[in-house]
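Below, each structure is written out as structure tokens.
Note that subunit A is present in both complexes that follow, paired respectively with subunit B and with subunit C.
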Partner chain A sequence: MTRYVGSRLLALLPILLGVAAVSFSLVHIMPGDPLDSLMDPQSTQAERDAFAAALGLTGSLPEQFFTWLGRVAGGDLGRSIAFRQPVLSMVVGALQNTLLLAGAAAVFGLLVGSVLGTLAAVHRGRALDRGVTGLSLIGLSIPSFWLGMILVALFGVTWQLLPVSGIGSGSGTDLLSHLVLPTLAVSAPVIGLTTRMVRTHVAEILEGQHVEFLRANGMGRARLLLQVWRNALPNVLTIFGLELGNLLGGSALVEIVFSWPGVGQLVYQAVTQRDIPVIQASLLLVGLLYVVINLAVDVGQTLLDPRRRSQVVST
Partner chain B sequence: MTLTIHGRPPASVAASDLLAVSGMSVSVPGRGRREQLHLLEDVTFSVGAGRCTAVIGESGSGKSTLLKGLLRTVGKGSRTTGRVHLDGVEVSDLRDREFAKLRGSSMALVAQNALAALDPLFPVGGQVAYLARRHTGGDRAASRETAVRLLGKVGLPDPERTAQRLPHELSGGMRQRCVLAMALACGPRLLLADEPTTALDVITQANALQLLRGLQHELGMSMLFVTHDIGVAASVADDVVVLYAGRVVEQGPVLDVLSSPLHPYTQGLIDANRPPAPGERWRAIGGEPPQPGQRAGGCAFAPRCAEASSMSRTQRPELVRVGSVTVACHARTGGAAAPLDPPPPGAAPT
Partner chain C sequence: MSTSALAEAPGSEALPTPPGPPGLVPRVLARARSRRRSRVDLPTRLAFGFLVLVLLSAVFAPLLTPYDPLVGDISQRLLSPGSPGHLLGTDEQGRDIATRLMFGARLSLLAAVLPVAVASVLALACGLIAGSRPGLLGTVLMRVLDVFFAFPAIMLAIGVAAALGPGLHNAFGALVLVFTPPLARVVEAATRHVAGMEYVQAAQLTGATRARILVRQVLPNVLPPVLTYAASLMGVSLLLMAGLSFVGLGVRPPTPEWGFMLGSMRDMIYTSPVNAILPGIAIFLTAVALNVVSDGLRDAADRS
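What follows is the complex of A and B.
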């Protein structure tokens, strides 16, 4: 198992290199010279050259890339142009907030979606199933940012029940109360997708010969459902990983609606201000996190399914 | 002498029968609104105590539905009617909750596809042990011992170690034996076997059949054995029931039915199972069995039958006793319309 994880980690290296190359070059694909928007139009050519050198914008593009990569490998992601502070701490702080929101939404969405999906699967073909499936379609199609604005209007403005902006003091119940509305907004599509996937998987297992055989030989209902769930678990884990990964970048609009100081908000500001180091570092770290989550899901699946486990051990 | 019985014989049950089914019909919802597809119609047969009855027929004849009907696992919206006596007790009137207690302990299923029936995520020993604990109580250690003992009983080598293994690590024959052990874990009086050897190669199949037969005698169980393979039925069963399009067309002691079949369909099945002489072709029965819902009046086999008369197409033949067997065929019972007079007193039950 350790060897398996090790080899999977090793296989990540080329992917990470790709992530780095994309994060680096995206900024350079953007039209316009970054210097034009960053510098005073009256500045002299000497000033411009000095600034370009400070940003690592001299030399050919590959040269720039490898210089940048060298610095990044040493843990130096540069300084923000707009905020004049180290990029790393900024991005890591924002990423923590985003992970909190994405994690809360993924867990909440997964729990609700699993319960609804299982209910629908058990009552498949009946009114409850049709109702739940219809609701899940609505959840899937609602734009999160729109739902967010509705929640702000209702809970924040009309009823004034919950805070709608920022993260408050950033800890304890204050943080939790700030977390509720954005989590609801972000998790609607997660609930929708999870419900449908869980319904499909559980229904498939319920109709399989395994369940039929156990039922015919006297297995009780509750225990049977437990076993069905255990069999659906690897698939549920996959959904969870996919959703969590998607939410890292996908909740950007909701972050803006709720002024959530996450990485989506940060990148949005950085792009408008042409804060190149921040954009690059954010893309790089989000990409890195995405890859790591995927790896964790793969390893988790292997742990949950003995068939895959024995394959891993034998190779 | 030709004795006749009606399609729905009196509900009296011979004392020696462990399972007696009379007039069982199963229907499931069709595509249309309120449409019901009749999968089984008026099926009557019995399984003697300690004996094995084979149910044979083509795919779609209702063999598996029969087992599901007996276990009440046909599915949502289905309707099952008829009387079922199990071990002298009428079980057809039991509420679902009461009936569920019979599953496993009074009758247990041996599934057709062992790989699909076993849980891929857990060692086989634990799966046997769980069912054993559920039906006989006792603690984990005791049920674990029971599981190992059962795995040994079904002929698995080194049961201690096999109990620790996962289904995909075992061969097809070994998996089938695990499924059998799970069915036995409940200590059933009646074993319902759904083509348990179809997925196995010929040698493994012969071993499995021998094992089944041996265990049946040793444990004093009765067995209802569903198969499409006449050879398997001949080697394992005492009695045989031939199903066609959801109805019984012929039944009786296995030797009598298979050595001198009366119904043209039984004859066709036997011919189709017999390897052809060199240079000859396999003798398949032409045509297809009718789909449920498209079964016309008269004999369901008539469209495929060389001996069908005009009466076969319009009038459904009733089961008629001819010697030791009963058969539903106008051509065999003198072409007379199904007699309407009640059976003479003292007529032997089917």
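What follows is the complex of A and C.
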């Protein structure tokens, strides 16, 4: 097992290097001389040289990459052009808020989606199944930022029930009340996808011979479902991980609608100000986190599923 | 934003067995196609009809409306839907919303189709090469594409589009970059699967060149699963493009585009919520229709 995790970690290295390379190249796919778009046009040559050196834009491209990589490894992700402060602390702070929102939406979406998906699988082919399938299609097709706008209009403007902007004091019930609407908006596609996948998996398990056997032995419906659910758990965990990873980006647009101080909102501000270091660092850190979450999911699934575990141990 | 559909990429295990001997393929496909028509269910046909309507209104927009999509009458701004002469009301600059929705459909429909189409072609090239040459070249190619899996789709799209600068071409380019890797994975898996088939070995024995086998034997059998998956990405593409435009990385004002219309009226949500929400209905219904059609086609293909 340790060897398995170790080999997975090793396999991670080239991907991480790739993530770094993609983030690094953002500055270089900008049209024209990056300095022109990043700097005041009236700046002097000396200022430009100093700025280029600070951004690591001197020397050949591979040279620049490894200088940049070295600095990143040391925790220096550069300074924001608009806010004139280190990018790292800005992005890490925002990332925490995004994780909070993404986590809440993933948990909520997973719960609702699991219930709906199981219902649909048990009543397969009947009206309830068709209704749930239609619902999941709506969840997958609705633009979450639009759903967010509707929630703002209803709960914030018409009924004035819940706060629709920001994060409040950032703790306790105030935070929770600010979290409700963005979570609903972000979780729509999660509900859609989870419902679909749980329906497929549970329906598959329900057709298995062991379920047939348990049923023939007279096991009650509730206990049977519990058993089915235990079989479905590794897959459900995978869905959860995938969703959590996707929501790191998927919540971006909803964050903008609700002024939620997460990475999406930060990148949005950075985009309007062409603050490339912030975008670069956000992409890098989100990419790192995404890769780590995916690895954790893979390892977790292997641990949970006895069939895969024995494969790993025997090799 | 349902970028998560990207995670739904069919693996090799989900691939249907390619139809029989290659010489028969065109005939078999033609027959399957004629039979398939009757297998498409009612919701799929309704959704398809809706998409055709949207397309027609996009093409004939100038004939269908007396208003200019770009210039409005400031004195007529934010009229509520149902106002005389403005069925869906007007926007923050006094432009007719129905008119802008019709003109906006041009870019939004294009955004659903074009990035996926371009990405499919690129993915076919990468995937066919990687799948048929499992050596160094194939491995390197796929590992490079793997890197782009390490980002949530919308983040990658926003980052790339932001670096390239706002504009339609750059947004399209960013979406192509997002869609190519998952499509290439499907192509590669399908190619590996097909390359092991007996009819490919038979073709090899007749002395056919590698290129000829790829084009005549492998490609026709790789296409069905790839097209099915590509079809399912069109709804995602529409939503991603709307998202990019929403944050100002897509079209430039005053060009009408659904996501951009939503974005520019975002602050009107407090004063004229119905007007502000209207463009989203167009995005939502079109995305539903695209997803219903792609699901229906997949089911029909599974049945035949």
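Quick note on the criterion: the second predicted complex is superposed on the first by the 311 of 315 C-alpha atoms of A that agree within 3 Å, B and C clash if a C-alpha of one lies under 4 Å from a C-alpha of the other, contacts with A are read in each partner's own complex, and residues count from 1 in each chain.
Following the convention adopted for this analysis, a contact is a pair of C-beta atoms (placed from the backbone, for glycine too) under 8 Å apart; a residue touches a chain by one contact, two chains touch by 3 or more.
From a predicted model like this one, the values you see are computed outputs, not experimental measurements.
Asker: On subunit A, do subunit B and subunit C fit together or clash when superposed?
Answerer: fit
Asker: Let me test your reading of the model: by the given contact rule, A:226 touches which partner, first (subunit B), second (subunit C), both or neither?
Answerer: After superposition on chain A, A:226 lies in contact with neither partner.
Asker: With both structures placed on chain A, which of the two partners, subunit B or subunit C, ends up touching more residues of subunit A?
Answerer: C
Asker: Would you sort A:208 into first (subunit B), second (subunit C), both or neither based on which partner it touches?
Answerer: In the superposition, A:208 contacts subunit B only.
Asker: A:217 contacts which: subunit B (first), subunit C (second), both, neither?
Answerer: first
Asker: Touching A:50, do we find subunit B (first), subunit C (second), both, or neither?
Answerer: After superposing on A, A:50 lies clear of both subunit B and subunit C.
Asker: Go through the superposed model and pick first if A:307 touches only subunit B, second if only subunit C, both, or neither.
Answerer: The first partner, subunit B, only.
Asker: Look at A:150 in the shared chain and tell me whether it touches subunit B only, subunit C only, both, or neither; answer first, second, both or neither.
Answerer: Touch partner of A:150: subunit C, not subunit B.
Asker: How wide is the angle at the Cα centre of subunit A, looking out to the Cα centres of subunit B and subunit C, in steps of 10 degrees?
Answerer: 80
Asker: Quick check on the superposed model: minimum Cα to Cα separation from subunit B to subunit C, whole Å please.
Answerer: 14
Asker: Can you list the residues on subunit B that touch subunit A in the complex?
Answerer: 71, 73, 76, 100-101, 103-105, 108-109, 111-113, 116-121, 130-131, 134-135, 166, 168-169, 179, 182-183, 185-186, 192
Asker: With touch defined as at the start, can you tell me which subunit A residues reach subunit C in the complex?
Answerer: Per the touch definition, subunit A meets subunit C at residues 14-15, 18-19, 21-23, 26-27, 29-31, 137-146, 149-150, 152-153, 157-158, 189-190, 192-193, 197, 242-243, 245-250, 252-253, 256-257, 263, 267-268, 270-272, 274, 276, 279-280, 282-283, 286-287, 290-291.
Asker: How about subunit A: which of its residues touch subunit B in the complex?
Answerer: Subunit A reaches subunit B through residues 125, 208-210, 212-213, 215-220, 227, 230-231, 304-307, 310.
Asker: Mind listing the subunit C positions that touch subunit A in their complex?
Answerer: Contacts found on subunit C: 1-8, 143-144, 146-148, 150-156, 158-160, 162-165, 235, 239, 242-243, 246-249, 259, 262, 266, 269-270, 273, 276-277, 280, 283-284, 287-288, 290-292, 295.
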